[in-house]
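Below: one structure in C-alpha cells.
We just call them A, B, C and D in the order they show up, numbering each chain from 1.
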C-alpha cells in the first residue's frame, strides 16, 4: 500500500481531497500510470449526490473518477506494447479473461468485471494507478491528455454506433443531447451516418451539437420529432434511432421514428420498465439493440480522434485544477445545460 | 367475375357456404389454382368471433381462409416456372414489387401488401383462385396438399428462426405452445438449434410438442421457467428466446432467460404496450428482433418439409369436408388444447 | 422515336456527334430527363478503344455515357416522388423487378439488368432520356449537376464499403488509386474507417487522394506495402483491404495485409483467374467479398454528398462542352495520371 | 515429470508404443484426464508418413493423437465446472487468453496457440493428460467416449457451418466426401440446411454419406456437378458451397455452383495458391469464407450430438486396442475409401 492524494467520496454529499492508502505494486502484465487528466462523469456525480447507483452503494470511502489519461511510469513483467513515458488512456473496467463472456469476445458483459469508482472499487482521481497493460492504450502524439480522458465516454458512443451496424449513408436520430447523446451522435457520424437528427428540450445542448457538420438539431419543445423525421426522410423514417434520454416518455412514440427494417439502440437506461409497443415494432420488423458500456472500442475511438474525423475538444466545457476537484463536482451538480464535460487536471 | 362456391363470413358470428362472385381472369404473370386444402387460422376464427382484428373490420361479406394448397389449372402469359397440373401452395400476401420496402427485399413490411382474408380482400376457402405466379410455389411429389396448406403457418416460424440468426447448436426457449409457438420451435430445430425448451400452461399442447426430438417441454404451472432454463444451461442462459404467447406477463421475466449477448424474438403480439426492462436487457446486451409474417420463406419451408427434416403432419388434428366448413370453424372456436391445426378439404 | 443529338460510337475507334433516333415516350412509372452533365467512364473509353468489353461487343452504333445528371421535364403516370423541374441523377442499370434476385433485394445481380452504354443498350450522352422514376433520384439544392454525375462511380465505392461491413474506427487499405480506388477510399472513410492507406505506383494519383483527411498514401515504387501496413497497425494488419487494381500481382501478397479475422473486398476485376493463397487466408480466417456495380446506394451516396461528409468536386479534372465530346474521349484515352474524372456538359 | 505409456512417433515412418516422460502436475485452472478413446486424424497419419506438415517438422520423438475423450481424475484449484469422475472431451488447441485475437473471441487465429501433436507439442495417445479446464467439456450421459472423441473433427464441420451463416432451409454443396467433408455435411444439415449435395469420385464414401437423410450424393465420375446443382436448384444455384477437397481442380468450376449472393466456404487447404475467377465471383457478388480449426464449437457440437440431431457413430469404421495402435496407423495409411474414422481405445 502507498499513501497518495485522492478525491475521496467519504459518504453521500461529502467529498474530501486527502491522502489515502492505495495498492501500487506493479505485477506482471501491469503498468503504473501517473494520472494527468480525469473527466467528471454523471455516475461520479450521482454517487456524490445519492450515495449509490442501483445496487451499488458507497459504504466505505471511495476514490471517484474513471475517465482518465496519464503517463506510464513503470512497466510490469511481460508488457511489450508500452514503455515508460508513453502517454496513455485506460479502460476503467477489468474483466476476468477466462470468463465465458470474455472468451466469446464480450468482456463488457462479464459479471466479474471490476470497474473504477463503482463500489467497492476505487477510482482514479489520484496521482497514480496500477492497471493491466491490456486495458491501457497509447495516445498518438496529436491526441492530448484532455482528449485521452474523453475516450471513455466516447467509447460508449462507439459501442452504440457499432451495435447499430450502420450502413454507409444512414440517417440516424438521437433522442437526448446530454453528454452521452452527443457522444453517440458523433460516433454515429464518424461511423458512417450521413446525417444525425438530435432531439432535446434544452436549446444550449442542441446549440453545441449543431456546431458539428451533419447534425440536425430539433428542439422538441417547438417541433414534433415524429413529424420532423418524417419530413427529413420523405416519409420513410430513420435507419437508426439511438434512445439516449433514458426517459419512459421517449418510448411512447419511438416506434414511429424508424423506417421499416430499421433499428433502435437503447443507450439511456430508464430506472423502471418502460412500455414498449411490440405490435408497432412488429409491423416494421424493427431490431432493438441494447448496449452495456463498451468492448474493443478504445483503439478505434483513439484512431478516429487521431485521424481528425472526431473532434471532442469543443465538448470540454471547463478544466479544474486537482486542488479544485470539489468545486468541479459542485459545478457538475449544477447541471448547467451549456456544460457537456468538466475535467480535472491532476498533473501539475 | 365468376360465380363460385365459398365459405363467406357474412358478418360477425355468421358464416355461410354459398355462391359468390369472384374475379377469375388470368392476367400476365398470374396462375389459376383449383384449391385443394385450406387450413383454419386463428385470424380467420377471430374475424368470425369478433368481426375485426385491430383496424381491419369486416364491413362486407368476405371469403375466409389463407393457408392454401391446390393445383394449377391455368397459366398466364410470361409464367415459366409453373404449368397446368402442378401441385402448389401460395403466399397469401401480395406486395407492390416497386415499393421501397419490396425493392430492398422486405416485401412483408410493404404497407401496400394485400393479404387474403384481411378485409376487404377475399380469402381462398373457395374452389378456385387467381394468384401471381411469383407467390405460387410448386410442391415436390413427396409433399401432400395437407402439408402444402401448412406451409403458411410454418413460414411464420421460419421467419422467426431466420431473424434469430441461429448459430448451429444453439439452445432456444419458446414461450407459448400454441400453433405458432410449435411452428417456431420446429423451425428453430430445423434451423440449427440443438434443443428447444417449450413453455406453456396447457399440458396437451406440451405433449404434442414433446413428441419431436430436441424439444424439452416445461409446464409453467409446475415449474419456474427461469429456474429450468438456468438448470438446463448451467446458469448461462438460452441463446435465443422466442416470445410466442403474446402475454404481457411473459415480458416481466423474459430478460432472465437469455444468455449474455443473446436474442429475444418477439413473435406473439400483445394488444397493448408491454413493460420492458431495458436496464436488464442492457446488462446482457440483448438483441430484440420483431417479425411480421414472412418474406422469402416458402421455398425454404417446402425444402425442409420435402427433405424430411420437418414433419408437420402430426400437427393436423382433423380434416373437414368443404361442406362441413362451418363445423370446422365452430370446432376451432372451442379451442381444444389438443387441437393444433384444423384443415378443410375443398377438393372432392 | 425522336431524333436527338448524341455522341455515337459508330464502331471501334470511331465516335460521332450526330442525330440519332431514340425512343422518348414517357410511359407509366417513367420520367423524361433533360441531360445536363455526363461523366466519362473507363468502360465508355474501353468500348471506344476496343469495341467490346468481354462478351459485350459493339455491333451497331451505340450512344455512350452512363454517369448522368439532369432535370426532369416530363413525368409519367403514377410517379409521385418526382415533378417537372426536379434536378436528378439516374442509375444506369434497370433490373426486372420480378426477377428472383430483385425480389431478394439484390437487383444488381439480376442477369436481366439492362445497363446504359452496354451493347446493345444506348447510353445518355444525348439531350434527353426516358427512365424509370424508381431509378431516378432527386438532388438536394446543395448538390450540383457535376456532383450528381459523380454519384454513379461513387456508388461503386459505396457498394464496396457496404460489403466490407466496416466497424467504426477501422483501418482500411486500398490497392490502386485510380478513379474507382479513390471512390472506394472516400466511401470507406465516410462509411466509418478512421484511416485508409492507399497504395499505387503513380505519385500524381496518390497526391490527389492524399488531399483528403484520413488518407495515407503509399507509393509502392518506394515502399513495401506489407511493411507499411505492418508498421501503421503495430503488426496487427488492416481490418479491411479493398483490391481496386485488378492486377494479378496484387493477389500475390494480399493475404499479408489483413488482420486475423479481417476482410478483403475484390473490386478490381482481373481478366483471368488469379492465384489465391487459400492456406494463408485460412490461417487468418479471412472473409473475401465480391462486388458487382451497386444496389440501393444512390440515395445514400447523395445523402453523404449533401451532408458535406464527402466532397467529390476535387476529383473532376476537367469539364468539356457537349460539342467537344470527342475531344473529351481522346483526352481520356491519354490516361493522364493527374486526371481522375472528365465530364461533359450536355446542357447549354 | 511422470513416466507414462504412449504412442510415440520417433521419427518419420517409425512409431513405438513405449514409456515416455510427460508433465502431469495439475496447476490452478487445470484438470487431469485419464484418456479413454482417441481418434486417428489425417494429420497424425501425415506426420507418420511424411515427418512434417508444412513448417511443422518432427525433430524429436512426439506423442501422436489429438481427438480425445476421457475421465477427469484430478481437479486443479479454482476449477468449478468439472469434478472427478466427469466424462469429458478436450479441445487440443490452447491459446493465450490475453492475446489480441483471443480477447476478440477468435482464439483459434491466435498465433500463440499450442496444439496437441503438432511439433514440438505432445499429443494424447497416452494414459493421462493435464489440460486447462476451460478447454475441457463434460459429456452428457448419453454421449459415449467414442462420440466424445469425434467432437474434435466434427467441430471443424461446425466452424465451417457457422462461418457460412446458413439461413434455415438452405441448399448446400460439399465438394469432397472424406472425413472432413462428411463432418461438414452433417454440421450443415444440423445447422439449418434442408439439403446437402455431396460430390466425390469415390462411391464408398458417397454411400456412407448418403445414409444420412438430407444428403444427396453425386459421383462426379458419372455426373457433372455443375449440371446436377443446376438441376436440383432449378437453375438458381446453391446457397452455400463448402470446398472440402483441397483440390485446385475444384476451384476451376466452383463459381458456377453458388446462387447470386451465395457463399463459398474454403475448408480444404490446397498446398499452393489456386486460380480463382474473381470476375465470375463478382457477377454473383459471392462471399468467400475461410476457416481455421474452430472456436467456441465444442459445447455446441456436444449439444447437437446429445440431442440426437447428429449421429456420428456410423462414421466410426473400426476401434483398435491401445496395444494395437501401430496397426491402427498402418490401417489408416491404407486409406480405404470405406474407412471414415479409426479410433484407439486407450482405456482398458
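We take it that contacts are C-beta pairs under 8 Å (C-beta built on N, C-alpha and C of every residue); 3 or more make two chains touch, one makes a residue touch a chain.
Keep in mind that this is a model prediction, so the values were computed, not measured.
Touch-path distance (fewest steps) from subunit A to subunit D is 1.
Taking A-B and A-C together, the chain pair joined by more C-beta contacts is A-B. Centroid to centroid, with C-alpha atoms defining each point, subunit A and subunit C lie 38 Å apart. Between subunit A and subunit B the centroid-to-centroid distance comes to 43 Å (mean Cα coordinates, whole Å). Across the assembly, subunit B contributes residues 104, 106 that each touch 2 or more other chains. Interface residues of subunit A facing subunit B in the complex, by the touch rule stated above, are 54, 100-101, 104, 106, 108-110, 163, 236, 252, 260-261, 266, 269-279, 281-292. The residues of subunit B lying in touch with subunit D in their complex are 81, 158, 161-162, 165-171, 187, 189-192, 194-195, 213-214, 234, 297, 299-301, 303-304, 306-309.
Only residues 29, 97-98, 102-107, 134, 296 of subunit C touch subunit B when the two sit together in their complex.
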